[in-house]
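These notes open a run of structures that come right after.
Okay, so subunit A shows up in both of these, paired with subunit B first and subunit C after.
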Partner chain A sequence: MKNPDLRNNLKIILLVASWDLMKLKNQKVFLAMRIAWFTLQVLVFARAISYIVSQGILAYTGGVDYYYFYLLGIYTSLLYSTSISRGYVVADEFDDGIVEYHLSLPIKRSLFAVGRVLGCSLSTIIFTLPMMAVVYAILKVSNFLSILLSLIFALLFSIGIVGFVLLLVFAVRSADLTDILVGAIDALLVRLSTVFYPLPVIEATGIAPYYVAALMNPISHLSDFLRVLVFPEYYLVLRQGIVPTIVYMVAFSMGFLVIAIEYYERKLEAGGWK
Partner chain B sequence: MEVKEWIRGAVLVAQRDLSRFWRNIYWLAGQVAMNIADLVIFAVIFRGLVNPAFIPDYIRFITPGILCLAIFISAFSIGREVGIELRREVTQYLVSLPVTRGALVAGRIMGGVLRGFLYQAGFVILAVVLMSMPSVDKWILILTSSFLLALTMSSLSITLSTLTRDFNLQAAIRSLVYFIFFFVSNVFYPEKALAMRLGSAAPIAYYSPMSMAVNLYRFGFNYTTSVDVLFNLAGLIAWATLSLLFAYKVYIRNLTR
Partner chain C sequence: MKSKAVEIVNFTKKFGDFTAVDNLNLEIYENEVFGLLGPNGSGKTTTLLTIATVYKPTSGDIYVFGHSVTREDYVVRKLVGIAFQEPKAMWIDKPYDLLTWHARIVGYSMSDAKKIVREVMELLGLWEHRNKQFYQLSGGTRKKVELAKVLIQKPRVAILDEPTAQVDVLSKHALWDVIKKLRDEGTTVIIATNDMFEAERVCEKIAIIYKGKLRAMGTISELKDSIPRGDVIEIQYEGSRIPEKLFASLEEYGRIETQSSTLRIYVEKGEEKVLDVIDLFRKNNVKILRIMVKEPTLDDVFTYITGAKLREES
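Up next, the complex of A and B:
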């Protein structure tokens, strides 16, 4: 790398990101619990619920079995919830006074913000890797390109969600209220997505706001993208094709990253977070 | 006189918890909205996807499950607060109150039970509308089931929340309990589906407090008549008694260590 400034900046971003990654070391019990409940969800709930679902669903999933369809949905919802909780850690830091320490570091605010978002997102990906492995093992996915693309888009998705949570944290400025709000948004967005039902089924209900919410929902986009990667026949379900989904994911991620940096930089000055 | 003081102390603690329940009005509104959204989504979408050979009307099947969910959410809200108290060291204030430790635990559990009852009330009315009006003896059975389930959940929640000060870990424990109780039960699917998917392990679901309560609700609201009322009621009593004892021992130990 010829530009020393760029090299320095990257070094700083990685240093800040490593703050979040290091926290993973202390979360072995938490991770074990998450794996336990995810396994329960995959092996008990998903299997039992797919048993009672009528075979008519195949017409809406492009022939993909409901169990397989649902597996990629719950992986996405897990990725979403983990990104939310990683971002929420920042709200806890405001309460605990760690932000004051961060501000005393000789690091540019914008680099600090990028490092935090990236750190939270990377730790989300690492944290959810075992669950992804469980799902991909059940689906017998071995194509390296599919796995790589899944990880890249999962990271993009996570960056967008973490950026969104940071905005929320600054806007609300109360850990308790953020906790409630984040919980409500978490539950609502998962319900208004294609995690459980394919888009044509939602469209068939005739409830336009529900359909639009599911169509615009980032969770829908990532779960459908993963479904196309693993089951090419699912492409038939996406009326607009895969390109709008890819554009949406990149725009969602970069958009929230830029807004979060801008907001973070502005709000951190002079105790603006208090 | 001592018993009177003990009861007064417990009632005061329960009143405090109840008044705090209304203070989180946004959380409450969000939870109610989620439960109703679940019912609507189940009614509008999932009902059409379920094979009628297994469940002829999914909305009637799932409504008693929503009653269990309502109890779980409201009773576990005590646990969420206990966790926050522990992290912010409000527990020091609680143990310094001029009430006995027993009255403190009883009051907290009572607070959880009352929250459960109040939160569930609206959904019980909804269940009457969606299912049918129970007879007087079935009303007694429904209310007893709600009381026992709320007692179990409230006891478990305050105990589990004191196991760790880590917010994420507290939330993870709550979620794990939710997944175990609800997924390994017949709340979302019939026993036949569990038997097909879990094989010889399926009978575990019979012993879940959620299965027991949902069976009693389904019987109470006339969804089915083939329920072993005695087994399910005795099971719920056993769950409530054990959880109560567990809460009494562990909650106090964790608060004072």
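Up next, the complex of A and C:
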């Protein structure tokens, strides 16, 4: 690809992505409610839970206070559910026929697909920025590099989840059915992750499928990655080190992005979806 | 010779077992305002969406300035702009945001986008509604936002799917002028409509489609001339009834309908027969108060061709 081409394609992708960012503007009230709810959750309920959990947990968290451990878990699960609801916007647009408008626009459909995935994930990051600020303020994180890396990996995570949701949307072509499927996966995925319990604790349960699910789970990988960034001592909890997690996150996001684009193109190119 | 803007070749579109468009062949020339006329469910929207590469033909193909919608859809999309029948927006969206995004996507820089969006919104009387949410807008205003997209885009082929449905009568006339101006600036315009008045006002050529099939094609006067006994001679006479003898002679010209003291004769080439008719009245000493030759409406044409009423299903 020649350079002007690349620059032009990038411009188109960003323009397409701005569709989702534009929609964000109209959701200020919703956002305010979510921030309030999240703040209440981390300040009241999360604290309550961490009192209940015994001091013994420190052995499993590399010495990280359970409250802090949990905060990064619930930020991750927030990212997860926001990514999914952003992906739903695309499903709703399918049901409302707005997809027909998008398909008529003078752009390549592959670029359109990339733009939409990026738009959904960027708006997820923007939407959850205030919550991230709450968490990082409580954790007193001020290191610029940690924050930057957190954001980059949060974006990668979100791209993977959005790609996955879009794949479901294109495959079932109905927001209602997607709702049910994602609802089922949603209920399981957060619970089968390290949001609430560190991996060694899950391993100690002796339930192999639970352990394997948590090990393979993107939610586990992002929460653990963020924990290591903020509390280097948490590194000890990760038996394989941080590299597999980084590889996993990149592969997860790029994998679903590519599959979603491929699927979108194949399904929708020249109106093949109808 | 004008070049072909759109060429529809053996185009068939099926949804499952149902055939929405059945082997359609049409040629639309550059710089025409071309109308697809037919009641709801005829296959107009299906055809338009396929030209816009939103749907894919089940068989056959459509070419836009020689480019195939199946093989060069991206090239076609750069030539075509469409205003959909159902306005494409979520209830929460604002016209200004949507149109600015549209302008950017079709290639305007940010500052040019702002300029053209304002210009078009003011032209259509949309500026005061720019920051309202879609659910607050009337049906007609929503349709204007749809049309605005095409006016901003200035495509080589503009597709307008029932552009003035739900628009009030006063605005309709203004929109028709806007559409003609778009043509004058070099755009080929394809309009789907079930409003014969709209078809007569803005379209130079018309294809009548019904139940997925092309039934007739031509200029408006060609279509009107194509139906036998196409003209109507309408006579208002003095008195309450006409003599038997006169009635019998008039019947030789064509079918007669009477209504109090008005008489209608359905004839071919009315302007040639009207003098004979006046003569017959004079010979029978019946005074004519008013006489005129009327052309058939497109409704009459449609009814003649399909045996159905244009408005029956709308």
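The definition used in the following text is that the second predicted complex is superposed on the first by the 266 of 274 C-alpha atoms of A that agree within 3 Å, B and C clash if a C-alpha of one lies under 4 Å from a C-alpha of the other, contacts with A are read in each partner's own complex, and residues count from 1 in each chain.
One rule holds in what follows: a residue touches a chain if its C-beta (ideal position, glycine included) is under 8 Å from a C-beta of that chain, and two chains touch if they have at least 3 such contacts.
Every value quoted in this text rests on a predicted model; they were computed, and no experiment measured them.
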Which superposed partner A:L129 touches (first subunit B, second subunit C, both, neither): neither
First, second, both or neither for A:K25, with subunit B first and subunit C second: second
First, second, both or neither for A:L40, with subunit B first and subunit C second: first
Which of subunit B and subunit C A:D92 touches, first, second, both or neither: both
Partner chain(s) touched by A:L6 [first = subunit B, second = subunit C, both, neither]: neither
Residue contacts with subunit A in the superposition, subunit B compared against subunit C: B
First (subunit B), second (subunit C), both or neither touched by A:V212: neither
Set intersection of subunit A contacts, subunit C complex versus subunit B complex: 27, 92
Touching residues (chain side subunit C, partner subunit A) in the complex: 15, 49-50, 52-56, 69-70, 73-74, 77-78, 80-82, 84, 86, 88-90, 92-94, 97, 101, 104-107, 133
Footprint of subunit B on subunit A - complex, ascending: 27, 29-30, 33-34, 36-37, 40-41, 44-45, 47-49, 51-57, 85, 89, 92, 176-177, 180-181, 183-184, 187-188, 191, 196-197, 201-202, 205, 207
Contacting residues of subunit B [partner subunit A, same complex]: 24, 26-27, 30, 33-34, 37-38, 41, 44-46, 48-52, 54-55, 84, 166-169, 171-173, 175-176, 179-180, 183-184, 188-190, 193-194, 196-198
Subunit A residues touching subunit C - in the complex, by the definition given at the top: 12, 15-16, 18-19, 22-23, 25-27, 92-93, 96-98, 100-101, 103-109, 269-272, 274
